[in-house]
Amino acid sequence: MAGDKAVLLISCLDQRGIIARVSNHLYRLDCNIITSDQHTDDEDGHFFWRISFESQRLPVPEIRAELERSMDSLLPGLGLKWRLYDAARRDRMVLMVSRLPHCMSDLLSRRHVGELDADIVAVISNHPDLGPLVTPFNVPFTVIPVEKGAKAKAEETLLGELRALNADTVVLARYMQVLSGDFLRKWGKPIVNIHHSFLPAFAGARPYKQAHDRGVKLIGATAHYVTEELDAGPIIAQATTEVTHRDTVADLARKGKDIEVAVLAKAVRAHLQKRVLVHGNRTIVFD
Amino acid sequence: MAGDKAVLLISCLDQRGIIARVSNHLYRLDCNIITSDQHTDDEDGHFFWRISFESQRLPVPEIRAELERSMDSLLPGLGLKWRLYDAARRDRMVLMVSRLPHCMSDLLSRRHVGELDADIVAVISNHPDLGPLVTPFNVPFTVIPVEKGAKAKAEETLLGELRALNADTVVLARYMQVLSGDFLRKWGKPIVNIHHSFLPAFAGARPYKQAHDRGVKLIGATAHYVTEELDAGPIIAQATTEVTHRDTVADLARKGKDIEVAVLAKAVRAHLQKRVLVHGNRTIVFD
Amino acid sequence: MAGDKAVLLISCLDQRGIIARVSNHLYRLDCNIITSDQHTDDEDGHFFWRISFESQRLPVPEIRAELERSMDSLLPGLGLKWRLYDAARRDRMVLMVSRLPHCMSDLLSRRHVGELDADIVAVISNHPDLGPLVTPFNVPFTVIPVEKGAKAKAEETLLGELRALNADTVVLARYMQVLSGDFLRKWGKPIVNIHHSFLPAFAGARPYKQAHDRGVKLIGATAHYVTEELDAGPIIAQATTEVTHRDTVADLARKGKDIEVAVLAKAVRAHLQKRVLVHGNRTIVFD
Amino acid sequence: MAGDKAVLLISCLDQRGIIARVSNHLYRLDCNIITSDQHTDDEDGHFFWRISFESQRLPVPEIRAELERSMDSLLPGLGLKWRLYDAARRDRMVLMVSRLPHCMSDLLSRRHVGELDADIVAVISNHPDLGPLVTPFNVPFTVIPVEKGAKAKAEETLLGELRALNADTVVLARYMQVLSGDFLRKWGKPIVNIHHSFLPAFAGARPYKQAHDRGVKLIGATAHYVTEELDAGPIIAQATTEVTHRDTVADLARKGKDIEVAVLAKAVRAHLQKRVLVHGNRTIVFD
């Protein structure tokens, strides 16, 4: 009974009948809907839909071709955007790191035990330190140093590397450099970052120091898509953990590591499963 | 654009095309699907579906009559069960309590601020103590004492009362009597209980004492539907909270109160919104 | 064996021998230390100590008189501050509210079941709405309206009322007026506030709206001492809870209520048990 | 100002003056108490005390010699037990694993970044699979297979190995063999195990399958000291995480991994810092 699997993401203005029309259409194509999640934004009436389905007759590329012929006439006049992901095609993911290993090691480990639907095609760092920890996972480790005053050049090298790798997704797993707007525009594909605070509190540098100085009783971590404005992109996942007056800045960093790891893994997993849709500066994250 | 609102629950064997057929049918009845949640049990292939929709043309009773005519032929041979709930009809809920007020007061407060889609038509207790706390909420408070050796008689009175109240749902909000299988069968409608442990650990009497003796580092609370076997019914919601070696049994009871309240409120809310489906001894709880 | 109970709070510059000297002194006074918690600030070397003890021979007022004679010479030259609390003397607490009942009802309920070591001597509101919910608890409910342009007058009335009540602690349990610096200076005793965000994020008005607009995946609540700068006082307790893209601003308010209640109760309990010490704009909260 | 650091653990029957006598004694030895945590068991009157201090004059071995001379006369007739740990001496820890890497990799990583006060002197497994993941950490990896019917022989080898390594602490980081009572008695030193359920629920084999069958809404993990009765030893740390009807047994295992890792790390850290005291079948875990 198992057929080809795919995920269909749809966003458009809401209207009566969208679900009936599309599910009917997929039914006629011999596709069996496995999961279906929808959301309508109360404020602007936008409709978001994620369907995972199994195609019993046609391979996914033929489903795609068919949808390209039919979707616009199926849902006309609604500003429709849609995208079909073939479950057989694994995302090509690049991790970028600096000197702190915890997020990188965690993602490599999760990939190793089959928990992430992606190939990690490279780890790129501005420092050589973490190389040995990558070795057992058989993933290439590349150092692209960022010299003072030569950031543009480093970003050019990085861009070439990412393109050569044909990467789909970049994950900044505690990469301690700010990527320029110029780089972001040229790259143009999703970049997930982990910031070690509960944004919007403590954006920018040294968030654990900021948190300690303010005397908060929780610290947080935030995974978000990178946009040109620092630490201001659409949030995918957040978590907090308790701290006390006993905790120094170093203790906050130690305790914070665990939620950074958890939040980044959750966000990356959701992203890879095409469960995250961006709507303005907010995200819809289906379960 | 607002029409009559309703919730449709469907369970049947899974088969390709169910979603297409039903959503198409609702579309032809001028119903707009607002939310849709589905689940297929991997082990036995049962399919569960909850749809909330808005009917633009027909009132809900006519939709119901139409579905009664059509559903069996729409989904034949799948052991179909379905139920339609008119959102305009509020559940009639009865709270049963003994001497501890926290769960009762919380549910009364939530109802008071409009957080629960139900009328609380009575609070019934085997003790008079909590009466004064019910007064400000304008809900009748009835005492049905349970004399030693006269439980059957008390249950008969209770049954008469619940029937007279035309109650839909009974919530045992720390009611410290065990209801007999005979009573449960006669009553035949859902009863939600809060048990002050993380079931299946510490079922039965004095769970906080049991937890203390075992030296656990978390205590829990469990909301479940009542079945004849004590503390063994389908679980709706659970939560835990941290405890330490400093906590006496009394401290566990104090800390536990807060999660009892939270878990029961969550379960009752889900139940009233028809988001809970029972499947054997397990539940599906849609978000 | 039970004697008079008391709590001693000490803060001074750290030095070797403080614990030995004070515990020795209490031993000679026939006091048995029951709990002892200490903290040294790594940055400025301040030492904070909380001791609860049982006096086997002398009543607490005589212990206090004795400490007044001896403490300065026991710990000379360390900028010593200390305070002794007689456990037999219950704090006089005033709740201030506006129209939302949840925090008030929760504190009244906790007091009712003996969970808070205080007398709630009044509930004061700028609106009459919540009066009926206070009635069953036998606590006076007083309305002090705040007319537009007449805030100074209302604060004067409030100050008179608090003084007449001989209140020790004021709790702003969703009191929707900002108290002026002038009032705070005149009153001069601790005021605990609950703010419905994870401070420092979303200070000021409509934090749930701010949180929704930013698209956060957690919302928070913060209990803090009130200082002249709005929402910037020393934080006592914080908590967060998960939200999703489905949640409207009203949903955030509904979900947030539960953590407001939990955080405020935790902070008030710690404050009443003299477990909170203020150090600059931060707090030490002993377990 | 920094001197030699040490931790002193004391347990005895409670009596007035213990703190005064010991802190005085340490003061005369020129030791500065840095942290002090105490607990008295309400039921049996046992007193537990953990002091960390800095010795300004004497090295820790001389402090130990001095305490050996003085402690019995300082606290006579109280069934005193005490132990002094020199902070300069790092514990020698052995990890035991089978085929699942997550707990092992996490502990190796934490050690690598300096988060655990121990040397990991070996990883021992009954399978060769995890060897490559140990390589980057420069820790010997030893395989001791457990052949069917030859468990006693394997345990003998293991015992020899642990003795040769002069190990202080053994951590069963998802080691899938039950150690015999005979082995435990011969070894006689602490063994920390992680069990993948919220004990006492779901002890024994396949806890995630058991949890799935019962339909719980939370799954748990428990770190405990190993005793002869399976999964019944003193609990050090526990945590739970939410699951839903969507989660298969495999999903529970995936989600459970994260709390297994967190709970085991927390327990190992507390154990290594001598913050765990065993009292009957319960633990005192100081913060």
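Just so it is clear, A, B, C and D label the chains in written order, and each chain counts residues from 1 on its own.
We adopt the following convention: contacts are C-beta pairs under 8 Å (C-beta built on N, C-alpha and C of every residue); 3 or more make two chains touch, one makes a residue touch a chain.
Model, not experiment: these values are computed from the prediction.
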Inset, instruction - On C-alpha atoms only, rotate chain A onto chain D and read off the angle in steps of 5 degrees. - result: 180
Inset, instruction - Taking all residue numbers used at the chain B/chain C interface, answer same if over half belong to both copies and different if under half do. - result: same
Inset, instruction - Give, as an integer number of Å, the spacing between the C-alpha centres of chain B and chain A. - result: 37
Legend entry - Junction residues of chain D - those touching two or more other chains: 244, 246, 287
Legend entry - Residues of chain A touching chain D in the complex: 101-102, 105, 109, 112-113, 115, 132-133, 135-136, 244, 246, 254, 258, 262, 265, 287
Legend entry - Residues on chain C engaged by chain A in the complex (per definition of touch): 39, 42, 198-202, 214-218, 220, 234-240, 244-246, 248, 279, 281-285
Inset, instruction - Would you pull the chain B residues touching chain A in the complex into a rising list? - result: 16-17, 19-21, 23-24, 26-27, 30-38, 40, 56, 287
